[in-house]
Amino acid sequence: MQTHKAKRVVITIEKIMLSRLTDAIEKADVSGYSILPVFGGSGRSGPWTREDNIGRGDGMVQVICIIKPERLDTLLDSAFEVVDRHIGVVTISDCEVLRAERF
Amino acid sequence: MQTHKAKRVVITIEKIMLSRLTDAIEKADVSGYSILPVFGGSGRSGPWTREDNIGRGDGMVQVICIIKPERLDTLLDSAFEVVDRHIGVVTISDCEVLRAERF
Amino acid sequence: MQTHKAKRVVITIEKIMLSRLTDAIEKADVSGYSILPVFGGSGRSGPWTREDNIGRGDGMVQVICIIKPERLDTLLDSAFEVVDRHIGVVTISDCEVLRAERF
Amino acid sequence: MDVFSLAAETLVTPIVLSFVLGLFAALVRSDLSIPEAVAKGMSLYLLFAIGFKGGVSLADHGIDLTLGLTLLTGIILSAAIPLIAYVILRALSGLSALDAAAVAGHYGSISIVTFVAASSVLESRGIPYDGYMVAVAAAMEAPAILSALWLVTRSKGGGKMEPGLWREIMLNGSIVLLIGAFLIGMITGEEGLKEIAPLVIAPFKGVLCLFLLDMGIIAGRGLRKGRGVLDAGALAFGIIMPLLGSLLGLGAAVLLGLPLGSALLLMVLSASASYIAVPAAMRVALPEANPSIYLTLSLGVTFPFNLVIGIPIYLALASAVIGG
Amino acid sequence: MDVFSLAAETLVTPIVLSFVLGLFAALVRSDLSIPEAVAKGMSLYLLFAIGFKGGVSLADHGIDLTLGLTLLTGIILSAAIPLIAYVILRALSGLSALDAAAVAGHYGSISIVTFVAASSVLESRGIPYDGYMVAVAAAMEAPAILSALWLVTRSKGGGKMEPGLWREIMLNGSIVLLIGAFLIGMITGEEGLKEIAPLVIAPFKGVLCLFLLDMGIIAGRGLRKGRGVLDAGALAFGIIMPLLGSLLGLGAAVLLGLPLGSALLLMVLSASASYIAVPAAMRVALPEANPSIYLTLSLGVTFPFNLVIGIPIYLALASAVIGG
Amino acid sequence: MDVFSLAAETLVTPIVLSFVLGLFAALVRSDLSIPEAVAKGMSLYLLFAIGFKGGVSLADHGIDLTLGLTLLTGIILSAAIPLIAYVILRALSGLSALDAAAVAGHYGSISIVTFVAASSVLESRGIPYDGYMVAVAAAMEAPAILSALWLVTRSKGGGKMEPGLWREIMLNGSIVLLIGAFLIGMITGEEGLKEIAPLVIAPFKGVLCLFLLDMGIIAGRGLRKGRGVLDAGALAFGIIMPLLGSLLGLGAAVLLGLPLGSALLLMVLSASASYIAVPAAMRVALPEANPSIYLTLSLGVTFPFNLVIGIPIYLALASAVIGG
């Protein structure tokens, strides 16, 4: 089956920053993303799980963007502005997609 | 540690189509898959979150299959039949697995 | 934007084994990980979903570690000890990260 | 009592105001939201409670011929309304045949929350109604879907019934729970009710408030996203169709000789549109139809209209025609 | 009153029928399901409520020697039953030593929902029982796990106690909540109960219905997946073992001189099998044992048997032997 | 009645003991936990219920000048307390200016659960209080955040108000629900209350117990992770600050001429610290501040202090000064 090269960008970020990040992504003209819930984790700021807070607000999410390779830099620049002062991880990997007309 | 080459296929699809997709995957003789909940996202049909619907039925899920490279085409063909008319994204990437005897 | 090579290790494991796995990961001096909920899946032990059990305890989770390539073997060794007798899948893939100073 | 004072009185109940609060919260983009699991839990509770109470009341009053006839009438209404809705929609709006058929299917089916809101209006005015109307509600859920698919096949050959879909529709969780609880109520009767009344009766209205809060939030979000999707004709349809549906329901009720309370409920079932079962079926059978259109119309326009203005109008109409 | 009319009477309660409804829904593959969070919320509620009520009733009646002796007896029963179960299972079925040991562990431990269902049967017949039986239930949860692991080590040296597992078992959420609520009830007594009775007493049976609906769904799904996993001998074990367990419980109750209500509860504890705490422990300690086997037996066979047929039989037995 | 017997009496309520149980479970590392969705559902329920009851009681007693003046006083207290807290914290502890400002913001804002616990103490002693105190609670939530940000900008120019943050704070779900339910209660009055009292009144205390169980668990986990994060000075601040806050509240109450019940509530609002709204705002506006510090102090130190010891002290103080 015909596939097309693409980049898979995964941004792990605090949920309270989510709407700011998706606004930035949309401003970078990225056509699509999916958001995965993150149940818990650990990093320099220590371990946490979603059940650790009263308001349960400070969990994290993963935002996954599948984009054309040539769009990568614009996306990273926009995302970085939001992620910058905040905790979070950004990874990029290669993938192939079916139905490239879709994005 | 000894690892083995494999393909990682990720199919993002509406939850209502899930059982049809897993039926198709099983028919393609794929030995295993995992299903991740998707909290929200955006695409050509606009942004959504799981909290947008009364029945909360129309969320999406990610089905992840780790398969032997030679099995890829059979899987994609079967999955494509289900995904075809429906919204959703299919990506493929390379990975290594431990304990290849397991699949 | 400047990126750095890294490995992405994904360990799918039963939730009851989670704390043992994260203890092992921390003993291997891995700086960070994220835990994703898994909604269901299928494997040699048949299909399951999170809604299949009264205690709802026996679901699975995915533990994702982004690590420096040179750390890979230590991590796999530690993780393997926990995963060994238990059901679960371990995959490794390449990725790039922003802000490598973070891990 | 005239429609306006009735409407005013309906408007200032905690139930309606909770819906308005949710609508407001969504429109000003507050992050107020009910967790998915809690909303689903409340809807299971409401279905269990109304099913059970319906069954108990049927056990009290016994089964008669009217029950069977009313069930049959409900099925016919559910199947027929989409055909009428389709014609009106094509005349009034610029929607494609596919979208129009999908919308039409929603209006033949029913909104159980509108049904519950109407029964609570009846209860607070002391107007009795038959317990079996719950079974009629369940029977009216699915036939409309078949009509919608038939409309599509007729017009362009798409929308074939996917294998398994029919079973999914008939055995969807809401129907099974509603009918199941109805049967449990019928079997255990007043004895059973006494045991679980503190759960299924006492807090019912309060839970309904919180559920309507959630519906307000979701309707509000839908309206924010869906604005621009509907033309004036489609919007008009969202108001005209429930009125027309209620008249069909009233006509049927008169033919059946239903008493005032049950007549109102049949009107409300005919007037209301689905926003859970039918959308799910449409996503499987007609994935090319635009969900924003049918959800915005059914949940964003017709549901609030029925809740706030429709129910008092229908009650005034029914009182005038049937008396009571 | 004979066993059959007792069984018939037990069968047509909302509680049992809700379980049957869930079973039916799962067997016809309806998508009816209770969200994970709601099911867990209900189980926390049930544990809190029964613990609290048990504590209050103990505060009312005071502590005496029987309490201590009954606790001890419960622990012994929990530890001993797996050994008996193991022997029977190996004789009746073709299960491996490992699987047989894992199953045996479940039958020494208890099902708190069966306990609650039995106490609600007692309540509706006006038969009193001692509040401390809740503490006995908690005490019987864990010893059986040790016995199961001992059986495995003995037979092939596997199944060593993982570090941390013992603490996890003794401090698992259900036990901590049950005992904690029990203590809170004991400390605050009738005063405390008055404050929270509208939550812990009034809607209790209704919530139990919804919880049993969920258990029915899960048991039904388990049966669909688990068919083929059990041979006829194993199935027979799922019926014989609770009967045998109940007799052991009855014997112990007679020795202890327990009154009718408490005797029934001790029988039910001995007869019932775990499907939450023990499976979790087995996944950690004996991952090679097949979960389908022990879950299908305990939840799919023994639980429904106890709920529908077992409890009336045990009550008839206890009445015959103890009188009251 | 002296403070000690008051404290002892407060201590042995189901509410406080449930908190203690949660704390215990977390400290011994039990896996007891309330699902996220259930905890959020309970908090929505509590907010809806107290808002609604406050509104109904205002409808009963009418609006007067004191209401407006008390609201204004609340806003001033909320804005002023962080400035005082900041000075004390810098003097007592080694926290950085940034962390001190973040903590200070929490103490100007409020804890609605502490407020509810105090009102339930008032109710069980039959001391009346004004319904509008709920509105005062809502008004005191946000001003403190502004003060905290001002402290940061002043000291080093960071912490600029992100676009959108202000709207997020003012329209956060809790405030919208509290105020909205308050208005619904005001509009529908006793009529409305009668309809939903079985949900918003009867089980309220029971739900509060389960919610406090969850808070105990989370506070306990926070304390386990947060130990080492706070020096002795910071810990002392967590006790001194609520005492000082309560005195400020008492002074204001005397000036306003509030009756005993309302005075106590104003004291409690001033004494309590936020652990939901303010932390969320701080993560956005001051991401470099360490959340462990402010959460451990507010939820792990000050909240339990107020719940167990603070409220009786404040009540004794208020009774001595105001009489009643």
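By letter and in written order, the chains are A, B, C, D, E and F; residue numbering begins at 1 in each of them.
Simple rule for what comes next: a residue touches a chain if its C-beta (ideal position, glycine included) is under 8 Å from a C-beta of that chain, and two chains touch if they have at least 3 such contacts.
What you see is a predicted model; the values in this text were computed from it and never measured.
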Set of chains whose contacts include both chain F and chain A: none
Could you tell me which pair, C-E or D-E, is linked by more C-beta pairs in contact? D-E
How would the chain A/chain B interface be labelled, same or different, where same requires over half of its residue numbers to be shared? different
Can you give the whole-Å distance between the Cα centres of chain A and chain D? 39
Euclidean distance of C-alpha centroids - chain B vs chain D, Å: 35
Overlap residues in chain A, where contacts from two or more other chains coincide: 36-37, 47, 93-94
Any chance you could list the residues of chain E touching two or more other chains? 33-38, 40-41, 202-203
Which pairs of chains touch one another in this structure? A-B, A-C, A-F, B-C, B-D, C-E, D-E, D-F, E-F
What residues on chain F touch chain A, complex-wise? 33-36, 39-40, 43, 162, 164, 214-215, 218, 221-222, 225, 275-277, 279-280, 283-284, 287-288, 291-292, 295, 299
If we count contacts the way the header does, which residues on chain B are in touch with chain D in the complex? 14, 16-17, 19-20, 45-47, 50-58, 85-87
With touch defined as at the start, can you tell me which chain A residues reach chain C in the complex? 12, 36-44, 47, 49, 60, 62, 73, 76-77, 80, 83, 89-94
Quick one: which bits of chain E touch chain F in the complex? Just the residue numbers, please. 35-38, 40-41, 44-45, 48, 52, 167-168, 171-173, 176-177, 180-181, 183-184, 187-188, 192, 195-200, 202-203
Per the contact definition, I'd like the list of chain F residues that touch chain E in the complex. 12-14, 17-18, 21, 24-25, 28-38, 41, 124, 202-203, 205-207, 209-210, 213
